[in-house]
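Take a look at the structures below.
What follows is chain A paired twice: with chain B in the first complex and chain C in the second.
Moving on, here comes the complex of A and B:
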């Protein structure tokens, strides 16, 4: 790069100006890791304020719990209508799945909504883009706040299930050795999916607020969140096994409720046909979760990079739309 | 020819010294003008076809498979498909009606609405008409594809009543959307969160995937207050064989009357709220201040 013209990032601008005595490159390029850390923590704090300071704590708590609990209740009533409450295993299965799914939705929506919020509502995205901080770091920070609120909602919903809806839970039987790695890797996969959605809404207009819900709703079908995959046709089961969230849900269920109904395996399942085993072991869940998460993360990082470059080239960061 | 009176007036409409024909024409143009970006916007952003039509069908399918895993009677699959189709309208009412005036404030359009010599109800009606375009397509796809893929069998004896109930459900829903649009504007930043809050909980009390009568008192309360609940129950009674719905709710003709009452009440309430908002906006000026 020989000059400033045509530069598309602050770093390139800095490269163009480097050598001039009155220019400090750090003001455009930032200070590396320290800047990233500061941008991330500031974004998390800002995201949490946006998430929570619109109301008093009690109403915020109700807000956190209402969606996951209502989702679980829809499924509970569906079970009651048909089986009259006879199947307690299935009840635990759907309550856990729907509660965890609200966490997934929150995590996936966090990054995408940050883009839309900052571009369409606050109109600050263009300023963030030209700042020395890396945009994706700030988006991850904003998304983290929503992940945190989603996690709180999911935990409370599972608690409601245990206390009021008869979910059999014994804290002494929890497999922490499985739960901790599965949660960590699962969280990474949720964030990667959120990044994919952020890349999508960078290119689309304001009305894409509902896209995260739509994508999460579609994945809902193939990940065994509310029914065992064995109900699905073989091809859809195979698709489900490629999604990290399927393995995350299976791992969390195995860890919290050892011996509970498997969402992946079971007699006649695609998994059983391929592997010859009825259900996956904890180690197998972790390995497949790691592998699928690595693929999704790589794809998300690549697609996000392409999307951000395209948005810079076409001036999409300061475009506001309405309908 | 445009003419305005030169005296203190309560509103831009009052200041415009127009005959009735011109007032009517202007308001019709306002309706069409507000509907226009929603219809045209849909054709400019093709991704909504995938995200808002194809994917929601998969969400509905998930609930179909829950019933399949429970070996439920086939009517229940139909209940889910019909419920899935109706969510299109509820989501549209919440996201593109209830929260819309708040968005308009953020975008700087709201003061234009308040200063234009048009009735704000025309703007809201335009939003509804424009929003219906995408919602109808989404609902039709979910219903059509769901019926074909999952072999749903409808048994309809009273087509006219079914169509009337459907139309009344939409008018009541969008009437509610107009009321909520005013309320959400007053509530400011809470509107955004309320939009999210009014999804799954409303789906639950409306019996989106199961007969609402199963909820007992809660279901009765929903039938009396939420257009989605009463409309869906009436449509299920009219579209599936008698006896499919085992729990007692009012017959469909009574539910149609409930929808008529809801429509009238919501539209009247919306009008009152809009007048209140206009007064607040003009006298205090705080409604159009961004960031509240």
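Moving on, here comes the complex of A and C:
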């Protein structure tokens, strides 16, 4: 054959196509953590490029700001109309809850949508699966990019609330000793829930883009994001207390706005009935958050492992539905 | 290329079965396949849609688990040693538009180089070399979604070579490409094989000419079974019991019967429509079947006394389709709605249509019963075999 059409010279073709020495079994061995680190950082970069490259930077910034702010404003207006006046405590409660929840949704959906994006839209999932990198590491990297953009949105929304909507924030009163561990563990719980969703959509053969929103919507009801749990029946309050996100939201609120309205406790709350205390302490929040996150993470890791194995057994990695 | 004594076979498959659960009956995509491909071979799997080719590649690339049997790639088990296999192989599939459309060609390839475990700088260098090698220099900064189908397949090919695979799986790599793009991809395959002769290629295709042109050895596959293995020449020899010649003559006054009576001539017939309107022709074309090539001398000697002069003489070779028909009792066209030849203009859309139809069947079936069989396998599963397949031929060792 005369050479590759469109390539520069045969010499360059040969140079590009040449390979290393023949059969070397050592090449089948990996580099352990270094490979995982490389796969993770590359996935974060890929996730960020996919997340941000769909439009020009200015429009992306507007989108990043506008979405959480608009969500918070809708809730504020509803609150003002319903309550008939400004309740600064409740306003702060709603704004922080709504901002943090958009972060939760971004984090949970990030992993699941990565599976769907790569399988259905980009058709690259099978190539990622058969690469030496671990799929779950790549998914975590992709999810991290979405978490980062969600975190930016949440911070912007809280900032708008503080500057323009009178949310009472005093940086000197922030309980950093509570905020840091709560954020770290809370992030782990969000990722674990995302992994559960990824495991679910990996099995689905139908349009499952809305699964993350559906799950987030269901959790939204019981985690005390925009209203205290006390307004719910006792059984739903109990369910809410089993979800790590409930404790994460409580911890963040306590750390950022000490003495603010509790989403868990309060007079007549299920929590108060069980424990005999009105609100949980910071230490209690951390411990329960740790425990519930450990359970969810263990369950997520197990279920994801089963899901990946089943996907390989059923040939689901490249099974597109045309959705 | 023969492998060294210490090198395990590139592919070693024993009694491999893959059954997809489906209703009303399970679909057997692979039915006890035995296959051995040596290191350095360019091996082809030729068969119609639904033959089981893609299922076999999916198992060998660790994308799918077998139901039973064993499969090894360079001695590594496809079930237990997935990571090791993934480090030494790569794959490219045709008939799809894969790639992150928002990234540039260069970014996309670099990203995969990282997933293949290459150091950052090595990755960029290798990407630039391969971009040049596959002829995408002008498209290196272009976003993937703006690439043509052929350019995208070249990019995929470059991706497949990033980790310098020992074994390269090509699953219908020219499917859906126009003539020029398909040729470019085939040339790349040949160029890579020439540049690294020790590497192994497993190509699946239902384009018979492609298999004939590229592969050193072939397995003809149908309904999950290997019907025959050998070099294209060996396979064609299986169906060539007589020597066939096409003889163009100035005239043939005493007719073909005179030729048919000669020693060693099994049959002599007028070609094509000449049998119906021989007088309209300037020349006469005769198809000769001889007991063997040596009988040709006698025929040529007899032409002078018969008043005939030779205008052209051509030996007719059987095609791989003839082999397939001989083995299975039907052609590709009867099953796949595909001519089994290189894609001609418009072929891509025809192939798509076929796949879409299969996908529609799949979508309906999965909606009904949640089954997961490969769409190609399903298509094949609906056609009853015309005759019992012959036993597999042992590969050359």
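By definition in this document, the second predicted complex is superposed on the first by the 292 of 323 C-alpha atoms of A that agree within 3 Å, B and C clash if a C-alpha of one lies under 4 Å from a C-alpha of the other, contacts with A are read in each partner's own complex, and residues count from 1 in each chain.
Please note the rule applied: a residue touches a chain if its C-beta (ideal position, glycine included) is under 8 Å from a C-beta of that chain, and two chains touch if they have at least 3 such contacts.
Only a predicted model underlies this, so the values are computations on that prediction, with no experimental measurement involved.
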item	value
First, second, both or neither for A:75, with chain B first and chain C second	first
Contacts of A:57 with chain B and chain C, given as first, second, both or neither	neither
Which superposed partner A:204 touches (first chain B, second chain C, both, neither)	first
Which of chain B and chain C A:259 touches, first, second, both or neither	neither
Touched partner set for A:276, first chain B, second chain C, both or neither	neither
Contacts on chain A seen with chain B and repeated with chain C across the two complexes	54, 205-206, 321-322
Chain A contact footprint on chain B (complex, rising order)	37-38, 41-42, 44-45, 47-48, 51-52, 54-56, 58-59, 61-63, 65-72, 76, 91, 95-96, 103, 106-107, 109, 130, 189-190, 192-193, 196-197, 199-201, 203-204, 208-211, 214-215
Contact set on chain A toward chain B in their complex	54-55, 63, 66-68, 70-71, 73-75, 77-83, 90, 94, 120-121, 200, 203-211, 214-215, 217-218, 220-221, 225-228, 231-232, 320-323
Chain C residues within the chain A interface of the complex	4, 7, 20, 39, 58, 61-65, 74, 76, 81, 83-91, 93, 96-103, 107, 111-112, 114-117, 129-137, 154, 159, 161, 163-164, 166, 180, 183-184, 186-188, 190-192, 194-196, 198-199, 359, 363, 366-367, 370, 372-374
Touching residues (chain side chain A, partner chain C) in the complex	1-8, 12-20, 22-23, 27-31, 35, 38-39, 41-42, 45-46, 49-50, 53-54, 122-124, 126-133, 138, 205-206, 312-319, 321-322
